[in-house]
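Order of writing sets the chain letters: A, B, C and D. Residues in each chain are counted from 1.
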Amino acid sequence: MGKLMNAKEYEESLRKLKLNVYMFGKKVENPVDDPIIRPSMNAVAATYENALKPEYEDIMTATSHLTGNKINRFTHIHQSVEDLVKKSKMGRLLGSLTACCFQRCVGMDTLNALSITTYAIDAKYGTSYNKRFLAYLKYVQENDLVCTGAMTDPKGDRSLAPSKQPDPDMFLHVIEERQDGIVVNGAKLHQTGAVNSHEIIVMPTLTMREADRDYAVSFALPSDTEGISYIVGRQSCDTRKLEGVTFDRGNMYYGGHEALVIFDRVFVPWERVFMCREYEFTTQLVENFAAYHRQSYACKVGVGDVLIGATQTIAEYNGVENASHVKDKIVEMNQLNETLFCGCIACAAEGHREPCGTYLVDVLLANVHKQNVTRLPYEIARLSQDIAGGLMVTCPSAQDFHSPVVGQWIDKYLKTKQDVPTEHRLRILRLIENITLGTAAVGYLTESMHGAGSPQAQRIMISRLINLQRKQRKAKYLCGIDKEK
Amino acid sequence: MGKLMNAKEYEESLRKLKLNVYMFGKKVENPVDDPIIRPSMNAVAATYENALKPEYEDIMTATSHLTGNKINRFTHIHQSVEDLVKKSKMGRLLGSLTACCFQRCVGMDTLNALSITTYAIDAKYGTSYNKRFLAYLKYVQENDLVCTGAMTDPKGDRSLAPSKQPDPDMFLHVIEERQDGIVVNGAKLHQTGAVNSHEIIVMPTLTMREADRDYAVSFALPSDTEGISYIVGRQSCDTRKLEGVTFDRGNMYYGGHEALVIFDRVFVPWERVFMCREYEFTTQLVENFAAYHRQSYACKVGVGDVLIGATQTIAEYNGVENASHVKDKIVEMNQLNETLFCGCIACAAEGHREPCGTYLVDVLLANVHKQNVTRLPYEIARLSQDIAGGLMVTCPSAQDFHSPVVGQWIDKYLKTKQDVPTEHRLRILRLIENITLGTAAVGYLTESMHGAGSPQAQRIMISRLINLQRKQRKAKYLCGIDKEK
Amino acid sequence: MGKLMNAKEYEESLRKLKLNVYMFGKKVENPVDDPIIRPSMNAVAATYENALKPEYEDIMTATSHLTGNKINRFTHIHQSVEDLVKKSKMGRLLGSLTACCFQRCVGMDTLNALSITTYAIDAKYGTSYNKRFLAYLKYVQENDLVCTGAMTDPKGDRSLAPSKQPDPDMFLHVIEERQDGIVVNGAKLHQTGAVNSHEIIVMPTLTMREADRDYAVSFALPSDTEGISYIVGRQSCDTRKLEGVTFDRGNMYYGGHEALVIFDRVFVPWERVFMCREYEFTTQLVENFAAYHRQSYACKVGVGDVLIGATQTIAEYNGVENASHVKDKIVEMNQLNETLFCGCIACAAEGHREPCGTYLVDVLLANVHKQNVTRLPYEIARLSQDIAGGLMVTCPSAQDFHSPVVGQWIDKYLKTKQDVPTEHRLRILRLIENITLGTAAVGYLTESMHGAGSPQAQRIMISRLINLQRKQRKAKYLCGIDKEK
Amino acid sequence: MGKLMNAKEYEESLRKLKLNVYMFGKKVENPVDDPIIRPSMNAVAATYENALKPEYEDIMTATSHLTGNKINRFTHIHQSVEDLVKKSKMGRLLGSLTACCFQRCVGMDTLNALSITTYAIDAKYGTSYNKRFLAYLKYVQENDLVCTGAMTDPKGDRSLAPSKQPDPDMFLHVIEERQDGIVVNGAKLHQTGAVNSHEIIVMPTLTMREADRDYAVSFALPSDTEGISYIVGRQSCDTRKLEGVTFDRGNMYYGGHEALVIFDRVFVPWERVFMCREYEFTTQLVENFAAYHRQSYACKVGVGDVLIGATQTIAEYNGVENASHVKDKIVEMNQLNETLFCGCIACAAEGHREPCGTYLVDVLLANVHKQNVTRLPYEIARLSQDIAGGLMVTCPSAQDFHSPVVGQWIDKYLKTKQDVPTEHRLRILRLIENITLGTAAVGYLTESMHGAGSPQAQRIMISRLINLQRKQRKAKYLCGIDKEK
């Protein structure tokens, strides 16, 4: 029987992986201890650490429907509306504990989407994808693994279908079928938390047509499978982490990372293949994953909590917390943040059971929620910068603060209230900078915009899911165009 | 045993009332048939009519926790989170069926708030308010009555407490205590649906201090009790209803009304008194009522449905429904409308049980929801006017359209597509005018702003309910100010 | 030599017209004294009355470039940037004096646009349109006339060109050419102030192609020419003006009106024809008129001034003018209103001389200004309703207030401060209602949206006028894609 | 006679300075060649380089009212409305050429503000500040110098006046008066471009009362005067400039910097003192400087031009430039950017002559403009990130792109259209990152918020400058409260 890993065990489990990672043009031999990557590992570790705390147990763990064992909720298949609601609350909780992306949602959302689609393919074709999938799921649950769900292909020329691209690899595809499995080529972009994962699960990125059937493929592999390489992407202010552990990093413990993942002739054994050329199921898989993942942007509410807390703190340090405009802006930040919370709660509360037993969120409301996530954090961040004051972008470095020559001047001149150490003021400003301009802004702003689909993707879904005809019937009746309701 | 009334029975029950109603400087002898009031009566009747339809039974009816009988949900005390969610859905449903205020929420919200507070007063003082209240509730449920909840006092000089006003009646208060009951004086403003109600239930409008204890009073009375007078307020475009049943009214069937209610030395028997001078419970009563009533603005989502339907229809009539900017604006209207839906669902889904057994919404989220209601309908209305085109405010009257002299010109020149009768185009434009400028704009816009408390009232509640300290602790830990979480 | 008319002379001049006017299905024999139309006549009269006041002389009058005489600026051809700036200021001034549309801009804008296009046609074809036009202009200036500029055709099926419509009259067109002139058929919509005008000047509504050359026609006629009929459109709350002069109308003096204008086989003598089939000049005429007219939405800044003044007044009457949120909202209303002012000043200040000597506004900035006018007044109105409070839409009628039976209750219970008569409170609320929901809302909101072109029309112009390539060159240089600047 | 310096001469002139500069805890011996500071020096150099180009001469140079010589406009005292308008256009021009803060406005604004206030003090006290000032101005003009205007004091405890602070140095003040001059102590914050300046001109930061008269001091000094030290502040992504000249910096040439400036017992000779203890003139000096400097945020329109150009370019590279939502967002970015342009043009066009002959902008409109600058760039940046796509924050480093191991994969997989080199795509994304999250975001966003005063500072000015009484009189007349206009 499996057990929940703790943070230390998780870290040790990563050390055993033989990942092929590159950054700044060099191979990273030891990602776990790399100063740029490590904060992102810490954030994933928080999903382990907090699952063991009694106060969070209800939210962070669940009972496996396969084994009846207690498992980390990130490996759980939602069995009820209550599960969906707890997922939203887990996102807010961890966002508020780490103030960054903790990277483990995407795997959870992939597992849940696959639980539905493998069942549906089998129902149509009598295949055994679902059986394979459940065996794999049990392995993940029992070993409490981190899976990264890999969806976004490079896409090349946006006006051409996958099979029509000049370079056939612009979408990941099957290039060879063997008796024991398949061989794939391609790449996945924007892969959050890739090098902190034990497993990588691949899905197609959009609806495939018959001509693109080689691109309709889904599978799972250990993250250090031969042929898989990771190139870590840059983030704003990433190299501050190389300056030593100074308060200029803002968030002293946590961060995120993104990677470009290359699949260079990678072999996948059949027992890890969950879709292979059943192109007519790609829409369902993509849309369900998207709906789950749009719900997952509950985490930004938690990051918003931290940003609000930091903003209230700097207001107090600056002695302006009772100015009416400051109080009003703090209310507004909360108004916007709780509006986001309403979205991720509502799409969960309105969830329903799919034929396979998995619970799915209300897809319209999940898209509406995510659309708000592409907007409101930007306004929250703007209000935070308003209250923080200009010092956030003009104050000297931590090295200057600690310098025997100029440190005294900084300490003297950046002091406000007598009981507030200047260093505290600088620390909280750096945290606000981190979330609104620095490494965490990548997650709080730009990834709020594009993660789980760019704004227009949600608008397309919304336009498809609203029932305009029903609304029109009501309007036509009320103004007398139609006599019948 | 009681039974659900149908619309006809409801109308007849109103005819039996001897209400003292004034409008345009004259007494209204027969409100039910008054052309200005009747559409509002129709809207209340819709709460009866639809409760009897099988397709809406689940949403519109409930099982009384007192009698076990099936009752109209508007007379129900919420017994579960599911009840709270259904209340939100009932609001959207009826809003979409009437495109106006159906006036019956305020009574439901008053009953639920009183169920909590009468219980709390009794718990402290050993009084029997709750017993009285439950007897009254049973009477309301068994007879399927409309109650109007009356909260807003005139307030006079806003800088003075009730007992310090030059005119002591600026807040409704006990002026005499008798063996058999109390006598009250005062007035209540903005009383939605007052003359369509069987009962009126009075509550204090704000927190009362000890000096104001005569103002801490709550009771219920038949709406035609001696000493109660109603002066119906004006609404934009109200007198179009006097022009005969022409399509210029926009909404051919439904409307709302507001009244100023005067209490001139009105006697209340003790069995109808639910609070009398227990001033320390006024805050609870006011805040719980406000929370319930802020949730009730679920109805505006339904009105939004109609406005979206009307807007899509005029786009089609104008032949511009496929213009990309029109499609995008329709999506945006839905995005905003569903954001409101998320709010009323979330505050319900996060509801909880009070000691007396009544379920209460999440108060923070209910306030957040209502705050959004003070904003988003205005933007939805603006987008609707954008798509509707200028003709909405320049097209001639229905009389002109039917005129033998100029009607042909209107028909000829306002025609767009061959298969769309000009009259249909005018009808749908009048409906949009009705909701964005006319009688229904009063409900969809201005009352969205001020009903259940003006925007600032919600902001004050939000500022009280957000836990800034908790957010600050997280921020301070993450940037290293605090070493302990 | 001509002279400036005063308000009385203007009114008398209107009485001499034999207009063919319809409203509510009946012929209006005496528009000047019709209670619904008269306030709009008063608003035009304000353009005469104030031109004679010394304090406004500089803004409201100009020196004719034809005669050297002092003329009303509404009949002036702009001879300098200063003239353009004064035009914007005149709009704000009159908007603030009338709180409604004063209807005379459209004629001024038509004259200025024609001064450019008639010159351009003559330059190409050696025609004498400009000579004709200048003779006509002199007549207008010397007699101080009101011209209504008529542009918007019904358009029928939006997907078809004028000459392809099933009904050929959906755009106004030449149906016969005679030796002494032309005969036209068609209609013009949304004709602001039509029945208060001495002259009507017709222009095409969009770019015409060769096949549509009969639709490329521009001319001027006396407003009571045979064959021209006016059907006055409805406005929100229009019939309150029929209730007698009560304060329920909000604005006691001024208003606007809109009409559908029918041209039924109307003869135009050649000396009044300014374009006839020169279809390739339609774009210029339409775009220049639109630019001038978009600038004219300076008037809404003046209406905004009144709405801000009314809002501050009700705040004072309610005793909340020092609440921080109220003060902040008043600042925000001004911020938005002055942002609009910046737009109409900037497009004027950046104006330039056309070859014919007429000064034209900066077309890009005029479109940007108008686009803001389609948005910001809606937010200003929303903020006004926020501060006004719900009483604006629930208070009883003026008849009730004056009723011997219930008037005392209204007076008693709607009183706030001792020194503020209740009637004053009601009056100012009715003015806010008038501008945000009533007859003036038609002008302040919906016509701000659609007048001088709907929002999308401006966006199309903006997308054409921004020089993206230049912006791209700068970006490409700065990031090193291009080595040369 | 002086002459305009070229960029090389400017650079050489800086090398002669003996500045006391610190960064990252170390002394910077050669700021001009420091990789972090140099881009900011380049940006100032652009103010020299472009003044010599014939195509920009009209905008970038002026004729000195002191000498009649051609001077750089940054050293000019505005002599006309046209000068004010050209100043706004110069800001947009240089913003579009550098995409960052070029740092020289603050000195220009300081000189103009002092031209007014020195004249006013002399008029009252018969002092000779203006004569001193004009001599200094001539020196600046003839030598074409960069002045940094230093206003913002640390302020310490915001609830205490300068003279009441526990540490008397929290506002810069006179600590000693000698026969030959004064000695000052204190610091100035957020000093833009400080180490690229020849001169530093100090002003008080707020209105001083009599008790604070030692704090009412203004003077100019060479930037390398003994006792002055500069501590350069951090900016987001600052250390990317240390990675070598790679395209990851986004903007290959230009940047900005901010410094904390310490005045440690600094001596100022009398001929450089422009105010000394005339506390009653501090308000005027502060407000006029603020008005001029708020106008100076014209530069952000130019940065907006670059961001729009970059955004259109990435849309084209991604092949989505014809998607309707992309085109609409590009229009919206321009709409917002040109709205800002309207603000800086309007406040200039409405400028007026002060008694001393200097022209001052319209102070209300300058504040309105700046208030919009605190908002609209944030929305423009958000829209840019929307169109840019997520790759902006996930793409690997330039070192990876150039790596022989992984570079080929990046080149292969991040390619879109065949004719767009992958490197170009990365370069334009890095420029957008630079402006919306990186070093330039400090200027485009956070300094747009706080530079020239935080948003609330403008709101206070706006509330003071709007004439509410006049607006109220108009409203009261129109609704019949007042009978007289």
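Quick notes
Keep this in mind: contacts are C-beta pairs under 8 Å (C-beta built on N, C-alpha and C of every residue); 3 or more make two chains touch, one makes a residue touch a chain.
These numbers come from a predicted model, not from an experiment.
For chain D, the chain with the farthest CA centroid is B. Residues touching across the chain A and chain D pair largely coincide in numbering: over half of the numbers involved belong to both copies.
Each chain gets a centre from the mean of its Cα atoms; for chain A and chain D, those two points are 38 Å apart. Chain B and chain D have centres, each the mean of its CA atoms, that are 52 Å apart. In chain B, the residues that touch at least two other chains are 325, 328, 459.
Chain B makes touch with chain A in their complex at residues 85, 96-99, 247, 250-254, 305-310, 312-313, 327-328, 330-331, 334-335, 338-339, 341-343, 345-350, 364-365, 368-369, 371-372, 424, 427-428, 430-431, 459, 462-463, 466, 468, 470-476, 478-481, 485.
Those residues of chain B lying in contact with chain C across their complex are 22-27, 154-159, 166-167, 169-170, 187, 189-190, 229, 231-237, 239-240, 243, 248, 258-260, 262, 318-320, 323, 325, 374-375, 378-379, 382, 385-386, 389-397, 399-400, 402-403, 405-406, 409-410, 412-418, 433, 437-438, 441-442, 445-447, 449-451, 454-456, 459. Of all residues in chain B, only 324-325, 328 touch chain D in the complex they form.
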